[in-house]
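Common to both upcoming complexes is chain A, partnered first by chain B, then by chain C.
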Partner chain A sequence: MDNILTFKNVDGGYGRVKILHDLSFEVRKGEVLGVVGPNGCGKTTMFNALIGLITPTAGEIIFKGKNITKVSANDRARMGIGRTYQVPRPFEGMTVFENVLVACCHGAGMTEHAGRPKALEILKLTGLYEKREIMAGELTLLDRKRLEIARALGTNPELLLLDEVAAGLVEAEVGEVIDMVADLKAAGYTIIWIEHVIDVMLKATDRVMCMSDGTDLLIGEPREVMESKIVTEVYLGVEDDE
Partner chain B sequence: MIQQIIYGILYGGVFALAAIGMSMMFGIVGLTNLAHGEFIILAAFLSSVLCTALGCSPFLTLIITVPVMFIVGFILQKVLINYVMGKGANAALLVTFGLSFILKDGMLQIFSADSRRMVVAFQSANIRISDSVVIPVLYLVVCLIGVAVIVILHLFMSKTYVGQSIRATSDDKVAAQLVGVNIKNVTAVAMGIALATAAVSGLTLGMPWPFYATSGSGYLLIAFGVVVLGGMGSMIGALVGGVIFGLAQVLGGSNWGVFISYIILLIFLAVRPQGLFKK
Partner chain C sequence: MIKNNARSKTSTIITIVVLAIIVALIYVLAFTGVFSSNLMRILLNICLYASFAVMWNLMAGYAGLTSLGNQAFIGLAGYACAVMCTTYGFGIWVAMLVGGLVCAVLAVILAFALMRMRGMYFAVATWVAAEALKTAFQNWKFVKEGAGMTVKIKPYPTNAEIFALAFGCFIVCMVVVYLLLKSKTGLGLKAMRDDADAASSIGVNIFGSRLLCYVVCGFLTGVAGVIMYISKGSIFPGGGFAIDWTIKIVFIVIIGGIGTAAGPVLGAIIYTLLYEVLAQFAGFTNIVLGIVAIVVIVVLPKGIIGSLENRFKFEILSQRRKSLE
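Up next, the complex of A and B:
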């Protein structure tokens, strides 16, 4: 399977605070890669480096064979990287439909004429079609998370970054999110999914990467990674008695 | 009294137009443009010079001044303000403060300290409502221009591709970038539009009232007051704020008008600092 994304020895952080240390991993085209790790281990910073909100101080990020380390955030969105936030940040002064339309027109480079049917199609896929004229600021948490995904899809991404979309949801809602991600994978999207809900990682991902102290600790089959001794120690804080 | 209220409302449309560009830039870019008043006066001088040179109606000068001011705004934001905003909001504020002095002194050198006024054919015409109440046509026209510009701007923001990207940037700059919006271009377009409204504002202020090279700071204070009263970034707020300021200035007369306006402003800052129409 071809790699769509490669992190090569990436260092980075915020100002003088270095969060990522020699982070290296690859993402295969069409897979769902889960990312786990304790709070503060650099998962969200890795996303921020990937979408261009921070520039690595060392290393390279290769997307679809191109070095995008110094490419601007909006250009990365146009190249096919879409992202959701753990705490949804919709354009609250705009309707649900307008939120997705902006993404279609700017991220996917569509004309407004072409973007309108595309936005409606995405709203149907994400279960927001009936709420398309509601102001985004009035949505429930689940619908805000759906809108995050819908807006990211509007940019026509090849790589979709999901940041704790299951956080704060009840079990039934988590099930809906897992189903939606399965549909997206079936539609050909490559997904990197940061999540703390272990059950989600086991059910919905092809591989899992565990991060610790800003670097890749272990990457492999979900059950193998989640049950490994080193991950249990670092991620769950459980030490082996033997 | 009725006559004064009519004047106050008509002034309101003109004041709202003076404020709308400033309100937009604060709402979208987070920039308080302290040179906005000078840009209004610069546009008024441009219109005045074109009127004299071409011998045309002041209204026709908008064909030239609006695109010229748009280009000035676009380049200013793209080349200078976007750059300094990367170094913090205070740096950008100081740049606009410095720019206001450069523009003021530049206009003093070029146009002298003498006042000017643009004259139209219906300068003194009135619509008589009763023996004691008239509607001055010039004030009615400039007020309607102000209202029309604000309505057009509102439609532009809500219905067009560029308007939607400006609103998205105004809501959340980071999220806007993540859906592919080039926020540097969007803020440059927003500044272009803000100065294009300043071009129209220069005309609507320069016909009923005399203007001179240093009168920009007075209009900046009015614009600032209107924006605070109405709510940063709100177009309907600018209209309502403009009318409140207009009524205060007219009812207070030349002695108390400005005083009352700013007392109202202080009360609003204390009680409802977000303004009337800002959520």
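Up next, the complex of A and C:
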């Protein structure tokens, strides 16, 4: 199977604080890769490195066969990497519609004219259509999470990065998100999905990677990984924090 | 939908026609001598300060570049004007063009040198750059060192003509910013204003957008600077590159409303009028301006226009993209 993404021995962090250590893994085209790991182990940091908000101090990131380690964040977005933020970061001074329109225009390289219908289509898909003229700063948390997904989709990504989009949602809502991701996968997106919810990992992913202390601890079949001894141990070690 | 579209087109046309009539009227009034020379001077200052402020607002209010060094453009433009007119005998149009271009080049240099810095560091670095230019001009024989230069133009433009230039410059600044924000780049600028990292992760080219804003700001601040020095008639390094320029500009934008289209204009009007009134009470000017700034910041944190727009849900010269058009 083709790999769409490869992390090769990546080190990186913020300033002098090193978070990622020798992180290596592959993502296959068309799969949903789940990522689990205790709080603060570097999952979000891995996304930051992947989209170019931080530059690795060592190692390589290969996307669609190209070394993108030194490519700028905006170019990576245009190459087809779209991400959501764990703590939503909407453009608060813009409407919901405009938030998605920026992504269509700049990430997918569309003209405003072509971007409009595309943005509306994505808003329908993510359940934000009725709220399209509301200022993004006024949205509830659930809608902000929806907007994160909508904006990422606006860039027309091939690889979609979801950072705890189901955290804090009630069970029925989690079910909705799982269905939505299944639809996206069926539509051909490759997805990396960080989540602490075990149910998500078991129901919605093809493979799961467990990270610990900035590195890849174990990667494999969802049930195997979630039930493996090392993974439960890493989690048990910090469970009180959750 | 179609109806809506047609209505918005008609209202755009009406707005443009009304604005054009106002502009024409101001020009006619200026040249028929209805304005006293005092009034003309006040209007001239409003136009030039508004131009400076609109440009500073483009950088600080949209591109996230809070510069404390825009006096570099004003001083450099003043010298470009004096050198072009006095030393080489060119007219005002050449002076304005050269002033703008020289400042645009300076903007490119500053952008590449300083834009990796953020926030306070960038602000201070731009100030330091302006101070360095001041020192360089104080010691440069060609521009008469600290003695400064006079601007000689034959025949020297009348007050009405200088006002006309300033007014035109102001209109151009407004139109350029309006068109820029209306473009795809402008859509990205608004996203950047709210969250630059998030904007870059959906494909907005932050460096490119900032560079563009810096260069536009440099060019048009330069053109306005040339007109300012045509009206003053002479330039000295101490005055041309003084931080005072930027302090005034920041005051104007903050009280008017940063990141709004009309804020810098209202701010410039308030500043110029206050300054006129306060001129009678020498020594109190800065104290009063300081108090005004503090009161506005406390009572209306988004500036006068910004707070009014928020409170009453409207937007002057709005570039909001409606979802159905």
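FYI, the second predicted complex is superposed on the first by the 237 of 242 C-alpha atoms of A that agree within 3 Å, B and C clash if a C-alpha of one lies under 4 Å from a C-alpha of the other, contacts with A are read in each partner's own complex, and residues count from 1 in each chain.
Simple rule for what comes next: a residue touches a chain if its C-beta (ideal position, glycine included) is under 8 Å from a C-beta of that chain, and two chains touch if they have at least 3 such contacts.
What you see is a predicted model, and the numbers here were worked out from it, not measured in a lab.
Applying the stated clash criterion after superposition on chain A shows that chain B and chain C collide. Within the superposed three-chain model, A:116 lies in touch with chain C and out of touch with chain B [touch as defined at top]. Contacts of A:97 after superposition: chain C is touched, whereas chain B is not reached. Ranking chain B and chain C by residues of chain A touched puts C first.
Looking at the shared chain after the overlay, A:83 reaches both chain B and chain C.
Contact with both chain B and chain C is seen for A:73 once the two complexes are overlaid on the shared chain.
By the touch criterion stated above, A:106 is placed in contact with chain B and with chain C alike. Of the two partner chains placed around the shared chain by superposition, chain B and chain C are both touched by A:51. When the two complexes are overlaid on their common chain A, residue A:131 makes contact with neither chain B nor chain C. Touch criterion met: A:155 reaches chain B and chain C at once. Of the two partner chains, neither chain B nor chain C is touched by A:144.
Once the two complexes are overlaid on chain A, the chain A residues touched by chain B in the first and by chain C in the second are 51-53, 72-74, 77-78, 82-83, 85, 89-94, 98-99, 101-103, 105-109, 112, 151-152, 154-155.
By the touch criterion given at the top, residues 184, 187-188, 190-191, 193-195, 197-207, 259, 320-323, 325 of chain C touch chain A in their complex. Chain B makes touch with chain A in their complex at residues 161, 164-165, 167-168, 170-172, 174-183. For chain A in complex with chain C, the residues that touch the partner chain are 51-53, 72-74, 77-78, 82-83, 85, 89-95, 97-99, 101-103, 105-109, 111-112, 116, 119-120, 123, 132-133, 151-152, 154-155. Across the complex, chain B is touched by residues 51-53, 72-74, 77-78, 82-83, 85, 89-94, 98-99, 101-103, 105-109, 112, 151-152, 154-155 of chain A.
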